[in-house]
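Here is the structure we will look at.
Note that the chains take the letters A, B, C and D in the order they are written out, and that residue 1 is the start of every chain.
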Amino acid sequence: MYLTGYDISILRFTWGVIEDILNHSKSIKSFNIRVREPRDLDPGQFIMLWIPGLEEVPLSPSYYDGSLMRITVMKRGPTTEAIHRLRIGDRVFYRGPFGNGFKVSNKGRYLLVGGGYGASPIIYTAHKIREYGYEAMYVEGVKTESDALFIDEAKSLGLDTILVTEDGSSGIKGLVTDYIEEVINEYDYLLGCGPEGMLLKLLELCNRYGVECQLSFEAIVKCGVGICGSCELYNTGLLVCRDGPVFDSRILSRYLGGV
Amino acid sequence: MDLRVRLGKLELRNPIILASGILGLSGSQLRRVGEYGFGGLTTKSYTIEARRGYDTPILAYVKCGLLNAVGLENPGYRELARVRESLKDVGIPIIVSIAGSKVDEFTTIASYVDELGFNAIELNLSCPHVEGMGLELGDDPNYVYKIVSGVSSIVSIPVYVKIGLHRDIMATVGKSLDGGAEGITAINTIRALAIDVYARKPVLSNVYGGLSGPAIHPIAVRIVYDIYREYGIPIIGVGGVSSWDDVIEFILAGASAVGVGTVIASKGLDVVREILDGIKTYMMDEGFKELSELIGYANK
Amino acid sequence: MDLRVRLGKLELRNPIILASGILGLSGSQLRRVGEYGFGGLTTKSYTIEARRGYDTPILAYVKCGLLNAVGLENPGYRELARVRESLKDVGIPIIVSIAGSKVDEFTTIASYVDELGFNAIELNLSCPHVEGMGLELGDDPNYVYKIVSGVSSIVSIPVYVKIGLHRDIMATVGKSLDGGAEGITAINTIRALAIDVYARKPVLSNVYGGLSGPAIHPIAVRIVYDIYREYGIPIIGVGGVSSWDDVIEFILAGASAVGVGTVIASKGLDVVREILDGIKTYMMDEGFKELSELIGYANK
Amino acid sequence: MYLTGYDISILRFTWGVIEDILNHSKSIKSFNIRVREPRDLDPGQFIMLWIPGLEEVPLSPSYYDGSLMRITVMKRGPTTEAIHRLRIGDRVFYRGPFGNGFKVSNKGRYLLVGGGYGASPIIYTAHKIREYGYEAMYVEGVKTESDALFIDEAKSLGLDTILVTEDGSSGIKGLVTDYIEEVINEYDYLLGCGPEGMLLKLLELCNRYGVECQLSFEAIVKCGVGICGSCELYNTGLLVCRDGPVFDSRILSRYLGGV
């Protein structure tokens, strides 16, 4: 499975033009980008977005249809701040797609879990799952109501949709993982993306309840093609950029041990 | 079919070595890479202090390879103790690459590497994109002599000098050998630049990077051929291997072992088996029993 | 869309120049090539005496380009009178490339070229496969100065120095300019070698050849960028152009004109139109009216 | 038409093993070569045959079916002499195919004319023409009976076959071009390969009688891909290796003038 063939030409930068900007909250924006070159991009795969003169950063698009790509970006440091300053009509450069995304080819009931901007690849996956016509529940965990990202979109896809807020300002109050524990038994597959703590807890739950999971991890990505070694997942030798960012429970259990 | 080769004092189960800088940042990475069938592994170049490396982009796509300007990112040489620890039972020779700017940096790291029980040292005197710790060291044969003799005189394991396109390659090689190097690793990447025509800016944050991949292969073969012909020493041929025939070409030119790097970005680590299978088929078809018969054959 | 560029004193209708050594052995060849839309043509390198060139094989296939060791085949400089004659009405600048080993060989041919009314001279100080008339000339900045000043002082047409991967490229360029060169052509092929794994011998009869094609492009771009940044002079960028984007990249790096060679072996002479069309589309899409605005843009 | 796209990988050497050797005469031998790699090769295209340690020389195969290639070689200088010394089981290296061959896609009556070893590509063309089922006459011109090459083969293909010998030792006595002049009127197309004098005479005849011709020319071939300039046809700027070696009457008349 791992570190197998890749078409290196994904490393060539291409670009798109910002067509629309959505302000989700003060720290998260989405950008609809009309792309110049269609490149296949599965939900959960990532691109490296480059603003010439600044750095390139890994982002997992929250929607893609071959012509329109949406990215959902949280302001965190210099590059994401610069992205937030972009305007309609601006050109953005990117390369990819990199890595392995979520596999949704099996029929079954899917539990989709996004924490914060981690909901990006999850909502894109939700679109795919609806295309296939599988059953799924979409769960988004955020701090407070105003941070919610894709609740309406998930609903409009016809999915059972649950918002979990830490402060209870909307939806269910509490930690998303606590809610998941209540419902996990009803699902065959869990797909998750979000903060590290959430991911590790989800892995534990999936192991406990015997649910297959696929989780998207973050790390410092520099080369994107599995040669520089900067994106190692803990001390496993696994590379987020190439073996991941989405890892399945089988691999995670083998490499991370019993968590 | 016997794929074993002697690389100076080292015996390798096969000639394929992981080139320095590819997945050699940690013991766990090297451990994993070791499972793919390599004959030996080279670590990332280690320096005295930890280095963050350059800002992204650190890689640029070009039509026949890659440019990289990683900037010698590494956690500092003291981490090598942990690297050694996790590679205890990996069963293949580990070569530690060392970068630095002064003689005592090289000797400090080298003696530590020797103590830790690694199998060989590679002195990286040829990085084309880090000022003061790269190509210019190897460009100066007298300084090469100082570094190599400094290191060789205090370690018991073999020392290889990794060279690039230096001003006078043969002088650099000659002084390396005078200084006590057992052999040469040739070649490092070649200084180059890529400009994105839409961004109208250099792609790499560092502007300049090192060209690797198929592009540099015929240049590397030339240099290996020249060194073998002149000195007949152990050589690790590196540069642009993309399939088994490139490995055979290096060996025919005079390499005893062959490093692979960039091809891993495209074919992944499985490329090792693909290469070894290709070599076996070739040897069978051409009637060779021992790969070592082929070393330097094209010089005859 | 205005594709015209100034290359020092020359005005070119477009920046695409036939590189030296490609179909430039006779006036009839150059005449025919001229019909394909080039902005300028460079002849094969001419020497005092006719040269047969090397035995075949003179070309070797490599994964990212070609190696050649033609051996400076040419009919001797006196033939240039006939070349000039048949190019009387070709309507684009003709640059005569000159090779030699001594200053007086260069000056003899240069003054003849000047008398015949050609448009510019290119001094080939960088052929990587002919001993005594190649790379080693350009490696020695003092000798470069002697040759270039010798030629510049007796001709009225612009003089370009064609360089390769010299020991100290900036010194070679600096001395060329001191000697009176108007600009630099960069780069020539890079010394390399290819071994056929079944023949187990070098492919070229001359063993060594010059690597050209996409392989060398990022190296050539780096050198053009460096020269432009340091000296801001007219530069003919050459090396590995395989499509229009490579041309734009050279221009952004600082080239005023761009030579094409090896790509003709694959795409044929029609490549010129393909490149010019690509450039026009690019300029249109990116909103540039004059190509010359782009020269050196990436240095900003 | 000219100097258009080419797959440069034809420059990679491949090899075959000599399976059989036929001695036609003291100076001409044919070699049946079992090739390692099938590469399309039209009649009239040429390969560069290389004996490592010696030079490579251009040869137009006299037969090819994708697996078996026959070359017919006249001893002339050091390389062709070395080829004559090869034995069954020896390996020969070659690259190609290069250039443009004979075009036989039009229906019509073909007059095939080979002079000396120039009959090589002509007999291979004869095989193709028979495959297409067109009408053709095969004419071979040699000095004397013992130099005849492919007369039996042409007959066995069911073609009208004429041998012309200068000394009259067999077949028709005289120059092949004299014979051609007698029959040319009955044909739509003439395909010819042989000594330069013969080719120029054939061109003249074709122009005179209004017959379309395709003639294969020789020159010193070094690079094979149209960049070195050593194979120029007279002073036309035309390249034998790439524009030829087979040129049609339209091009020849335009570039060579009225001959």
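By definition in this document, contacts are C-beta pairs under 8 Å (C-beta built on N, C-alpha and C of every residue); 3 or more make two chains touch, one makes a residue touch a chain.
Computed from a predicted model, the values in this text were never measured in an experiment.
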Practice task
Enumerate, in label order, the chains that touch chain B and chain C alike.
Solution key: none
Problem - Per Cα centroids, the chain farthest from chain A - result: D
Fill in the blank from the handout: Between chain B and chain D, the Cα-mean centres are separated in Å by 50
Practice task
Go ahead and note the Å separation of the Cα centroids belonging to chain A and chain D.
Solution key: 64
Exercise for the section: Calculate how many whole Å lie between the centre of chain C and the centre of chain D, each centre taken as the average of the chain's C-alpha atoms. Expected result: 37
Fill in the blank from the handout: Two or more other chains are touched by the chain B residues 198, 201
Fill in the blank from the handout: By the touch definition above, chain D meets two or more other chains at residues none
Handout entry: Arrangement of touching chains [line / ring / star / complete / other]
Key = line
Practice task
Mind listing each pair of touching chains for me?
Solution key: A-B, B-C, C-D
Problem - Parts of chain C lying in touch with chain D, wherever the complex brings them together - result: 21-26, 28-29, 31-33, 44, 53, 55-61, 66, 68, 70, 73, 196, 198-199, 201, 203, 205, 261-262, 264-270
Problem - Residue ranges of chain C touching chain B (in the complex, touch as defined) - result: 62-65, 67, 165, 167-168, 190-195, 197-198, 200-202, 208, 211, 214-219, 221-222, 225, 240, 242, 245, 248-249, 252-253, 282, 286, 294, 297-298
Practice task
Write out the stretch or stretches of chain A touching chain B in their complex.
Solution key: 2-9, 11-13, 15, 48, 50, 52-53, 55-57, 91, 93, 95, 222-230, 232, 235-239, 242
